[in-house]
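Next up, some structures in structure tokens.
Same chain, two partners: chain A is paired with chain B first, then with chain C.
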Partner chain A sequence: MVLKGARFIEILMMFGLLKTGKEISKSRLSFLLNLPAILFMMAIIAYPIAFAIYLAFHRVGIRELRTGKMPFYGLGNFQALLQDEVFWISIKQTFEFSIFVVILEVLLGLGIALVIHKTRGRMSTFIRVIMLLPWAVPPIVNALLWRFIFSSQYGYLNAVLYSFGFIDHFLIWLGNPKLALYCVGIAHIWRTTPFAILLIHAAMEGIPQSLFEAAQVDGASAWQSFSKVMLPLLMPALILVMILRTTWAFQAFDEILGITGGGPQNATWVAAFYTYRYAFQPPQDVGLGAASSFFLALVIGIFAIVYIRFFRKVQVEWE
Partner chain B sequence: MGNARKRKKIFRQLLTYAVNTVSILFLLLPLVALLFGSVQTEKDLAVDVQNPLPNRITFINFVRLFQGTEVEASVASYIPPNMDYLGRAFFNSTFVSLTVTLAILVLGSLSAYSISRLREKWTTAFLYISLAVRLLPVMALMVPLYITLRGFHMLNSLTGIIITEIGFLVPYAIWILTSFFSTLPRGLEDAARIDGCSRIQVLLRIILPLSTPGIASCGVIIFIMSWNELVIPLIVSTQPQVMTIPVLLAGLTGDRYLFYTLMMAICLIALTPTVILALLLRKYVVRGLTAGALKG
Partner chain C sequence: MSTDTRKRQSRYTRRDFLEVVGATGLAMGLGMAWSPSAARAAPVKPWSYIPKGAKPKKLVFTSWEWSNRYKRFLPRWEKDWGIPLVAELTPPGPTQFDRAYTLFAAGDQLDVITSLITDRAGFLGADMIRPIDDMPGVEEYVKDFHRFTKECLVVDGKVWGLPYFVETWVPLYYEDLLHKAGFDKPFEDWDELIEQGLKAKMDKVSDYPLLWCAGVGTEQLPGCWFGLTWSMGGVFFDKKGNHALGPGSVARKALKWWQDTFLKTKISDPRSLELRFIPAVKAYMQGKFIYLLIQREYYLSFANDEAQSPIAGKVRAMGLPNNRIIGAGHGFVMCTATANPEWAWKLLQLVGGKTKDGEYSFHNLDLELTMAGSGYKSVMTPENYLKRVGKWVPKGNEKEILAGYENATGVLEVLPVMLEPWYRSWIDALNVQVQKCLRGEISPDVACDNLIKEIGKAKKKAKV
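== the complex of A and B ==
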């Protein structure tokens, strides 16, 4: 099917080329080839960024949406934002959530990648086969699933802990404001760890075996060859995973919406959830939502710059 | 001496066994909970709540889901009203994901070809822009897009969802495809050019056929990402006719009457397509994800 489509485009192109009589220049061709993607990215990414700045300085509530007139509001949205206690709680919790998620995930990813890398046999092969499953689970399904696991009344976690004798009565997980954020974090970690395992494992496979053999000849213990040989060589991959995962953990939304919906009280409000609630839920205030999304964009922008610089450096080294 | 070595070997074997078991439990236990939850009745779950294994296995939850809400309207058999649209949502999700994937593969391979083969300076910059764009928070973009789509009357339409998802996912595809295209040897292309192929013909006859695995990787990843996307369709569609599977499920979160066992049955139905796809095309997904993150 792909080939048939290709033939069709080819015929069209050949007609275009026959008319002009000579081949398009290289620079013109690369402009034409990139044009469709650029148009989509302008419409869906570049233009909204500019429009978001406009919205943040205008009053856009439900009434303004209906009438279509958006009066200039100056720094009003930002003022309201900074005075909102919940906004500061959300920011604090976004950081807490991201740090918790990323640290645990890198450790887990490193651990399971080591298991796959070092052990041979049926179980290890089986892990490779099922490794991607959590990654493929739709985030909202993951949320509902963990809601069942953490349920205080019917929860699977309580059932398992009880039947192994770790607890003698069912515990409250999501209803506890101190635990809820970390429970949501665990759900998020479960879904996204495969990505970390995958990247770290790929980096491990890339390390030449001869280095470990040399270390062994020099009398290095297993721990030494891990900490002195493998870990330093894995550093670029670990940093990459940390940057990517931090930016994604900062925007965590699906699990928050699905597991706790922000509760109990405000205990699981994070930045993306704050934006969602203010911009899209009653009483709708799109201006405030746009202003609040700048916090997310700012933090992630910093990470993006670090990411790109890091990427170029690593690439130069690899070449 | 020999004894100590033997003991060490046994210890190693036990350790291997233990770490493997822990890894498997971590990856699978939540899915086991989902499966066990979905194949029992709420009554059985409540009676025997301390037991993690199901008492009696029954498929009544699935049967009730497929029968719809008209049958038995008692509290014990409550089904959320939106579940009538489950089939519709499946169709919507499939349609959206397929369209998005096909469109992105076309747009992405045109861009990736010019970036990896024609090597103009500005296209390399464009590649790094797409890399940065991947990190942008989708929620931040949805605020202005909501008003724009509203202005174009594209809220509550599949077109609105599709266009937004294409724009948002195309940078990722460009990045993956570029890394696949640049691994092909340059000599092939030069030979074809000498034989009189135009640049477009090189793309269509040489690059594309040779990078079928790369295109498959990119395709399956984009399909799964599009299928799993929640934020974009959640904000674009509020009417049940245009809901995708994730949006339909997001509507269940506020439902106080919904039984956990029924919820798990719905979840099982909802995760089947992407999970099966990831299992079947595992090698492609692994290759694509690592290519997208590690190589340029």
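== the complex of A and C ==
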């Protein structure tokens, strides 16, 4: 194929990447056409990642960032990270948080999607819109909202429980190390469940009605229709929701910062919060923060691979 | 020349000559004294002189806004000196420090920042701030520094800034509830506080007579323990940096006493462990607690504000047993990232010292708007203090507050390691251990043993 005229082609020729009058292979052409996008992605994604890796192997604080002189520290940051018990507490709590959040979200998402799926009419459209609203709330605003709800002094939750006579004094939700992480989890679930509802509901809408009718003709009960017809067909969507939500739950930060600030004690420190606390709060050890985020990315990566393989296996078994 | 003339000339004697010379000299002297050049030669005060160097294009200032004090005051800078001022203002709290660190790390210009004593170690560790001993006239300000302001701002012979505000770490009490519990006056020793609390609880005057400002932070939870320990006669570290947390220490005794109020006598509200300064005073304003410990005296401006407090006018500040109170002096400091130290010094004086007219304008305004005490003796006179904060302070209480300022000991005396680079990491550990202790998960001895170990870990983290 001979290309003539376009400005982009002229630029390519200027740099000797393309010569006039010569045929160009399809693979070369696709590479050249993708080049601007690749360069753009390199600048906004690859460079920061590469710089974070660089920081992880150097001794970097606020002073070093200012001066640009960052002494090489080898594996020192990783060594400090692995020796820090707070880091391991954070990793453990990240898993606890993610498992709690993802399981509840998938169950809630599935349940609510089913209800919406079965409901038709104007009311159903209105409910669908309302359901999506939490997804539009910025995470930090959501955090402030729930901090108020859980407040042990004047929180709505206590007020409601008290007025119905379930409690005789206001309870400490966020100040209780055993409850705080789950309270933050609930706030997180409230905001992100619409995403699960949306995906699962879309998958439900795609299942042909004829399959349910056939099952009914064969004498299947409602539960059998759900478990033997709908659920297997929903599996790809459910797996997608689980993978995406697990990855996002691993990165949960805003609600933690806004609701508990990591407390009480270290009860709500998760991996992303650990990175923030060490890198952006005193002692501003940016090198350690970079090492922890690098480590977290590694953990998420490995976990995602195992997770996907596991669910593929599950999916095949269902099918 | 005729003979007559010579005769007339001879009439001028040596005396006449000297008179003429003297008069001319005087006239010349007076003339010089009134000339503009003479005016420049006269001694000029540091707040009003004009630096000789070129004016910078702008100056950058960071702090947190409170009661619109900067919005009202900072336009004065450009009016007085004609240099644009970029004010990076944040809501109250640590975000101001984050802003300052970010600007500094990014290589931006930063001239004057606020620095709390409890957070100064971070600035020092990053080489963000510089002493101001070389600035003209700084010694004049130091002479007027309050005693414990000096302890906090003049360290190792170097002056690190001008006063931002001072505070005393003291309890507040709700007079009506105290009387209702059958007491005429607040506690004078720690045992008496237990007695008062128990009686108030038994008589159902209050479920929890004591509310603590003991949320996680650099000042809140740690400050309560520091205040208790200091009042009971102890310190946390000696001047050489050795800890005083071992078995039998006052710090352990104080922690045990404190834990008992939560777990044994149950006179302290467990929700205290969630409350930082403003939430604590807002909870206290509900009127259900007798004491709010250990707050800052200027929170009377909330508790006694009729617009927001149901118990306004009934809350008083008091001292601590043994007359041992901790005071902290915070500063406006000059940043090493300043574009022009000479002009940064002018800006530093505008907020931390005197304005062009020779008045402590910002300190007076701040006292009036926020009740934050000034670090200058000449501002904290009883007349000036009462005039500006009288609306929040019940009659006669101003004497106790001012006595608190007089008697308080600078926090660096109790914690000489506060400016060490590892201090902040240790405080993080302290928050965790003390909260565990007050919730009954560990004993005070275990908490203190752990905190001794945490000193080494904190030093390692800070790469000391």
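By our rule, the second predicted complex is superposed on the first by the 255 of 319 C-alpha atoms of A that agree within 3 Å, B and C clash if a C-alpha of one lies under 4 Å from a C-alpha of the other, contacts with A are read in each partner's own complex, and residues count from 1 in each chain.
Keep this in mind: a residue touches a chain if its C-beta (ideal position, glycine included) is under 8 Å from a C-beta of that chain, and two chains touch if they have at least 3 such contacts.
Quantities reported herein were computed from a predicted structural model and do not represent experimental measurements.
J.: Which holds for A:65: it touches chain B only (first), chain C only (second), both, or neither?
T.: both
J.: Go through the superposed model and pick first if A:285 touches only chain B, second if only chain C, both, or neither.
T.: After superposing on A, A:285 lies in contact with chain C but is clear of chain B.
J.: Identify the partner contact of A:172: answer first if only chain B is touched, second if only chain C is, both if each is, neither if none is.
T.: second
J.: Check the residue A:149 against both partner chains and state whether it touches chain B (first), chain C (second), both, or neither.
T.: first
J.: Have a look at where A:210 lands relative to chain B and chain C in the superposition and call it first, second, both or neither.
T.: It touches nothing on chain B or chain C.
J.: Per the contact definition in the header, classify A:43: touching chain B only (first), chain C only (second), both, or neither.
T.: first
J.: With the two structures laid over each other on chain A, which partner does A:25 touch: chain B (first), chain C (second), both, or neither?
T.: neither
J.: Tell me the contact category for A:264 with respect to chain B and chain C: first, second, both or neither.
T.: Only chain C; A:264 stays clear of chain B.
J.: With both structures superposed, pick whichever of chain B and chain C touches the larger number of chain A residues.
T.: B
J.: With the touch criterion stated at the top, can you tell me which chain A residues are shared between the chain B interface and the chain C interface?
T.: Comparing the two interfaces on chain A, one with chain B and one with chain C, the shared residues are 65, 153, 170, 261, 280.
J.: Using the touch definition up top, name the residues of chain A that touch chain B in the complex.
T.: 2-3, 6-7, 9-10, 13-14, 17, 23-24, 26-27, 29-30, 33-34, 36-38, 40-41, 43-45, 47-49, 51-52, 54-55, 60, 65, 108, 111-112, 115-116, 119, 121, 123-124, 126-127, 129-141, 143-149, 151, 153-154, 156, 158-160, 162-163, 170, 190, 193-195, 198-199, 202-203, 237, 240, 244, 247, 250-251, 253-254, 257-258, 261, 272, 275-276, 279-280, 286, 289-290, 293-294, 296-297, 300, 303-305, 307-308, 311-312, 315, 318
J.: Could you pull out which chain B residues touch chain A in their complex?
T.: These residues of chain B touch chain A: 16-17, 19-21, 23-24, 26-28, 30-31, 33-34, 36-37, 45-46, 49-52, 106-108, 110-111, 113-115, 118, 120, 123, 126, 128, 130-133, 135-148, 150, 163-164, 166-168, 170-171, 174, 198-201, 204-205, 208-209, 212, 215, 224, 227-228, 230-231, 235, 245-246, 249-250, 252-254, 260, 263-264, 266-267, 270-271, 274-275, 277-279, 282, 285-286, 289-290, 293-296.
J.: For chain C, which residues are in contact with chain A within the complex?
T.: 94, 97-98, 101, 104-107, 119, 121-122, 125-128, 207, 215-216, 270-271, 273-274, 279, 282-283, 286, 337, 421-422, 424-425, 431-432, 435-436, 439, 460-463
J.: Please output the residues of chain A touching chain C within their complex, sorted ascending.
T.: Contacts found on chain A: 59, 61-63, 65-66, 80, 84, 152-153, 169-170, 172, 174-175, 177, 261-266, 280-285.
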